[in-house]
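Please find one structure pasted underneath; my questions will follow.
Going by the order they are written in, the chains are A, B, C and D; count residues from 1 in each one.
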Amino acid sequence: MADNLGPDGETLLGIYRRAALLKANDERSRKVITTGRLMMPYYSYRGQEIIPSALCASLTDEDYLVTIYRGIHDMLAKGMPLNDLWAEIAGRTGGTCKGKGGPMHLTYPKKGIMVTTGIVGSSMPIANGLAWGAQLSGDGRVAVATFGDGASNIGAFHEALNLAAVWKLPVVFVCQNNLYGEHTTYEKATAAKRVADRAVSYDIPGVRVDGNDPVEMYRASREAVDRARAGEGPTLIEAMTFRFHGHVFGDADGYMDKAQKAAAVAADPVPRLRARLIAEGIADEARLTAIEAEIDAAIDAAVEHALASPLPGLAELTTDVYGEAA
Amino acid sequence: MSEAMMDTRPAAVKPKQATILEAINAALADAMADDDTVLVLGEDVADPEEGGVVGVTKGLSTRFGDKRVRSTPIAEQAIIGAAIGASLVGYKPVAEIMLMNFTTVAMDMIVNHAAKLRYMSGGQTHVPIVIRTMTGTGMSSGGQHSDYLEAWFAHTAGMKVVAPSNPADAYGLMRAAIDDPDPVLFIENLPNYWLKGDAAEAGHVVPLGKARIAQDGRDITIVSYSRTLTETLSALKAIEQAGISAEIIDLRTLSPWDEDTVLASVAKTGRLLVAHEAVEKHGLGAEIAAVASNRLFGKLKAPVARLGAPYTPVPFSKSLEDAYAPNAKRIAETVIAICKQQD
Amino acid sequence: MSEAMMDTRPAAVKPKQATILEAINAALADAMADDDTVLVLGEDVADPEEGGVVGVTKGLSTRFGDKRVRSTPIAEQAIIGAAIGASLVGYKPVAEIMLMNFTTVAMDMIVNHAAKLRYMSGGQTHVPIVIRTMTGTGMSSGGQHSDYLEAWFAHTAGMKVVAPSNPADAYGLMRAAIDDPDPVLFIENLPNYWLKGDAAEAGHVVPLGKARIAQDGRDITIVSYSRTLTETLSALKAIEQAGISAEIIDLRTLSPWDEDTVLASVAKTGRLLVAHEAVEKHGLGAEIAAVASNRLFGKLKAPVARLGAPYTPVPFSKSLEDAYAPNAKRIAETVIAICKQQD
Amino acid sequence: MADNLGPDGETLLGIYRRAALLKANDERSRKVITTGRLMMPYYSYRGQEIIPSALCASLTDEDYLVTIYRGIHDMLAKGMPLNDLWAEIAGRTGGTCKGKGGPMHLTYPKKGIMVTTGIVGSSMPIANGLAWGAQLSGDGRVAVATFGDGASNIGAFHEALNLAAVWKLPVVFVCQNNLYGEHTTYEKATAAKRVADRAVSYDIPGVRVDGNDPVEMYRASREAVDRARAGEGPTLIEAMTFRFHGHVFGDADGYMDKAQKAAAVAADPVPRLRARLIAEGIADEARLTAIEAEIDAAIDAAVEHALASPLPGLAELTTDVYGEAA
C-alpha cells in the first residue's frame, strides 16, 4: 500500500470519535436491556468498532451502505442520528422506520443507509444493485456491503461477488471476521484459510487486514473505495476482529474460547486508539474526555427521548405495505 | 399471417395483431423509450445472447444499450438483489427469472427483501421492480420446469402478481407493472407466447387489480387466468351446447385479485368455478372459493368448485402431462356437472 | 417446578411433565438410540456449539457422536442437499433450518428436489428427511424472523407438514416424522418451546395426518394448530361464558390435513372458524374453508370464517406485533360474533 | 501427476467404448427428434463425451453420480442401460422412471445414478449427502457431481464445495466447461480466470484439464477418486470441452462463435481417440468397427423397443407421490 494513504491525525481523531460513539452506544444498549427498560433482540458489536469507524472515513453521506442485524456500529459510523436510532429500536413513533423495522432492519436513506438485513448473506446482492445504480448514474457513489465471516459460506456471497466482478461494480465487500458465526468457529464452518483468499474466485483484489487497527483498516478501505469510485470494480476486505459478547444478548457464550476472549478484551481496540491519540499528540486527555462526555449526553438524550415517545397506533400495522400506483 | 392478409375489413377498423411474446417485447421497449430509468436484466436477455431464450427481450440491448439491458450470470439471488438495489435508488428494473421453478433459488430476495423493504423501512424505501418469469405444462419439460407457484407470492404481503392471457393485456399489464411502485411478479405462459390477438396501442395500460369479463353469462361464473383462461374460452362451445350460459372472468391480476368483479358476477350467476393450472390444493382457487363462499353464504345455487392440477409434481410423459392441467374438456365437464347438480 | 412438587396425586397417576423443547429433544434422542440411521445436522446443532441456539439438540452429539450430529456452515442449500443425499442411501437425516424465513434460501432443495425425487424417479428413490424449523411472533424479531409459511409447503405435493402444540404431540409427531418415508417439514413455535404439558412415553407415535379433538363441543368447530391452538384454548373460558360450546381441533398435521375429523365435526356443529398465525390471505385456512364450504354446502349454520394475520409483514414494535397474530381475545370475539350471526 | 497413473491400453479402449456409445447415442437422439419420432427437450452433449468416459473408468457401479439435464453422456458412461434410458426419454412404461422423469430426471440407482436435476447448481449439494452417507457407512464409495461452467456461478456451488471441504467428504466435483451457459459465454458470466481457481476458496485441490484428452481426464479423475476413497476429501476438476450444438435442441446457436465452433468440431475428440487407438496399436480398425456396429445395433433395439412400448396409463399420474408410512 502506498504510504501517502494516511490516515493523518485529524482522520485518526475522526475514527476515534466514531469508535467512541459506537462503544458507548453498545454499552448503553446492553445496560438498557439489562435494566429491563427495553426488550429487543440485540446483537452486540462490541470489539468491532474500529472497522466501520475507519471505513466510513472514506465514505460520504451519498455513498450507500447495506448492513446486517449486527450492524448498528456500521450505521452509527455512517451517520444514523441517535434519536432516530433509539426511537426505532424502542419500537416507537419517531423511529427511523416508525418502529416497524426494529434493530434488525434500520434504514436511513438520508445518510445512505439503505437496507439492514437479518438474513445472512443478503447484504451483498442488494449492495450490487445500489452500485449498479451508481454506475448507471455516473454519480461516483460507492456501495458498501458489510457481513460476517459465517456469511462468506452462503450462496449469496458467491453470486454477489461474481456479479460485481463481471459487471465491474463500484462496491466494497467488508467481511467483519469475528471468528464466530453464532456458536460456530470460523475453522469449523469455513474451508478457506482466509476469507480474503476467496477473491481469487472473482479475480478481484482481496485483502485481510487487522480490522482493529485503525491505520490498516483505513488504508484498505480507502484503497477499495478509491478503486470503486474510479470505476475499477469491487474489492473484498476481510477485517479481522473479535466479538466481545455472545452472538445475541442473553447468549451465555459458553462455546467461546475463554483465553481467546480474554486476550481480545485485553486488547480492546477503542481504548488502544485513545491511548495512541494521546501518545502521538493528536488529542489530549481533556479533549477526548470532552468528546466522550458529549457522546454520553447525546446518547442519554436519545434514550430518554425514545422511551418517552409513544408506541405506534394500530393504524400503522397496515400502512406501508403498498404505495399508491401513479 | 395468411389469415390476416385475407381479412377484408379496412385497416383502420381491424386492430394490428400481435403474439403475447411480441406484446411483452413491445411493452418493454416502449417503457424503456418513455422512461430512462427502466432497466432489464436476467440470463441471456441482451442481444449478443439472442435477447432471451425465447426472444422476449430481443432488440432491447441493441436499442437501449448494454448498460440498461444486461445479461447476467446464472445467479438468481444476484439478479433479484441487483434489481432491488437499483430500484432503491431510482431505477425500475425488470428482472427475468427464466422459469418459475427457479424462483426457488431467489425466494429470500423476493420474499424477505423485495416484498418487505417498504414496510420494514416504515415507507422510507420501496422496491419498484418487475420479476418476469415463464412457466406452464405442455412442453414436456417435466417436474422442475413447469410449476405454477403464484399462490406462494399471493400469500406474501408487499408483492403483486400478474398473469396475462392475451397480447393486449400482456402489454397493458406490463406497462402498469413497470410503473407500479412495488414489486410485481409477472407470470408468462410458455406455450401461449405464440398466441395471437389484437395488439395494444402504444401506451395502453391495464390497471393492476382489475379483472376482465371475457364473456358475459347468467348461469355460472368461471374465474381463470393465464393459459387456463384460454382453455376456458375453448370450453365455451361445449358449455353453450349444454344450454349453459357461462360468465368468464379473466383475473389478470392474481394479487390483489378483483373481489368486486368476481363477487358481483357470482352474486348474479349463483355458481362459481375457479380453474387454474397450479396444484388445486392450497392454490389460488382456495382463497377465492373461501371468500366467495363466505361472502355469498346462503345466496349460492351450488357449492363453489375448483379445478386445478392434481396433488403431484408435473409428470414428463405426454400421456400424463396432458392429463395434468385442466383443459377445455375437463372445464366443460365440470361446469356442466355443477350446473346440473341443482337441476 | 414448584407446582409439580405440590401435586398430591400418586406418581404413577400423574404423567411426567415436559416442555415442548424437552419433548423434541427426547424424541430425537430416542429415535437416534433406536435407529442408527437417524442423523441430525444444522447450524450449531452439536454440543461444542451448545446443541442449537435454543438447545433443542443439546446432548445429542455427546451421546451419539459428531459423525451423526453435525454442525454445519451457514449454508441452507448445503444443509438440505446433504440431508437429501444421505436419505437416498439409507439414512434418516433430521435437518434444522434455524428459522422458517430461512427456508427461503433452501426452497429449491426442498421443493424441486426433496418433494419431487420420489415422483420424478418413478418411485426408485425417496427422501425420508425431516426439516425442523422454528418461527412465530412474540419475540420482537420483526419482519424477517417470524413468518409462518406452511401454506407454501402444503401447496407442494410430495411433502408433509407438521406443527405440534403440546409436548406429547411434539414427541409423537417427531417420531412419526422421522420414520415417515417422505420429507416432513416440522414447525416449532419459538415462544411455545417452554410450554409444559404431559410428557409422552418413550416410543409414543402420533400418526401423521390425524387431528386431535382438544375439546368437545356442539355449536362451533375451531380448527387451529401450533401457538394459535394455545391461544384458542385460552379463549375457551370467554367463549363458554358467552354460552357457546366450542369444539376445538388441533390439526397437528397441516398437510395432509385430517379432512374426516374436521368435516365430521363441522357437520355436527354447523359452524367453522379456522385460526392460524400465518397471513390469512392464501393461508392454510383458505383450503380448509374452501373444502368445508364445498362439502357441507347447505348444511352450515354460518359462513366458514377465518382468522389469521393481516396482509402485512410482521412489524417490530410491541404494540403492533401484539396485534398481528390472532390471540385468545380476538378468537373469542370472532367465535361469539359467528355464533351470534344466526341468533 | 505421477506417471504410473495410466491409463493403459485396455483402459483407453474402455474409454473409447463408452465415448463411441455416447456419441452414437447423441446422434441418434437428434435424429429421432429431427424425424419427428420423438418430442422432448434435448440437451446435446456432443463434443463432451470423453469427460464421463474417462471419469467412469475410475468409478464402480457402487459409486454415486448426480448429474444434470445435459447428462445423458454421464449416465451412459456410468452404466445406464439403453432400454431403460430410451423408454424413459420416450415417456413410456418401462422407462427407468416409468416415463415420469423424462430426459432431465433420469435415475438408475442400480448403477449409482441417484439424481438428475434440471436446476443449475443443484447436483452438488445432493452429491455431498451421498458422500456423507458413504463416509458414515465407511463403504469406500465416492460421489461425483457433474455440472457446467455456468453452474459455478450459482450459490449452491459455493455452499456445496465449502461443506464438502469442511466435512472432508468423498466427493468429486466435475465441472464440464463447454465455454457457454445457455447463450452466455464463460467470460461474460464468470469472473474467475479458471473455475479450477475457485478451489482456493475451499482449500481443496483444483485442477483444470483438457477434458477432451482421455489421458489428462483419466489421470485427473483417478487422482480425485483415489483421494476421495482414501478419505482425503473433495477435489474440483474443471474439464475443458466444447458443446458442438446449441444449448437445447432447436436452438439456432447464432450466439456461438463460428470459428471457435468449427475448430472444436474439427478436433472432435471421439474420432481423435479412435485414431489414437489405431495409431498406438491398441485396437485395429476391424475391432473398432465391430464395437461401433454393436453399439448401433443396441441403440437401434432400444429405440425401437421404446417407441413400441405403451405410454403410462392415467393411474400413474397420482402414484409415487408418497410412500406408505411404516
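In the analysis below, contacts are C-beta pairs under 8 Å (C-beta built on N, C-alpha and C of every residue); 3 or more make two chains touch, one makes a residue touch a chain.
Here the structure is a predicted model, which means the values were calculated and not measured.
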item	value
Chain whose mean Cα position lies farthest from chain B	A
Matching chain pair for A-B (criterion: over half of the contact pairs shared, by residue number), options C-D, A-C or B-D	C-D
Chain centre separation (chain A, chain C; CA means) in Å	36
Distance between the centres, which are taken as Cα means, of chain D and chain C, whole angstrom	41
Chain centre separation (chain B, chain C; CA means) in Å	33
Chain A residues counted as touching two or more neighbouring chains	95, 97-101, 105, 117, 119, 153-156, 159, 162, 166, 188-190, 321
Two or more partner chains touched - positions in chain C	72-73, 75-77, 101-102, 104-105, 108, 112, 119-120, 142-144, 157-158, 310-313, 315-316
Parts of chain C lying in touch with chain D, wherever the complex brings them together	39, 67-68, 70, 72-73, 75-78, 80-91, 93, 105, 108-109, 112-113, 117-126, 157-158, 160, 176, 179-182, 207-208
In the complex with chain B, residue positions of chain A that touch it	64, 66, 95-101, 105, 107-109, 114-115, 117, 119, 122, 124-137, 143, 155-156, 159-160, 162-163, 166-167, 319-326
Residue ranges of chain B touching chain C (in the complex, touch as defined)	77, 101-105, 107-108, 110-112, 115-116, 119-120, 142-144, 149, 151-152, 154-158, 255, 278-279, 281-287, 289-290, 293-295, 297, 300, 302-306, 310-313, 315-316
Interface residues, chain A side, partner chain D - complex	153-159, 161-162, 165-166, 188-193, 197-198, 200-204
Parts of chain B lying in touch with chain D, wherever the complex brings them together	43-44, 48-50, 53, 71-77, 101-102, 104-105, 139-145, 310-313, 315-320, 323-324
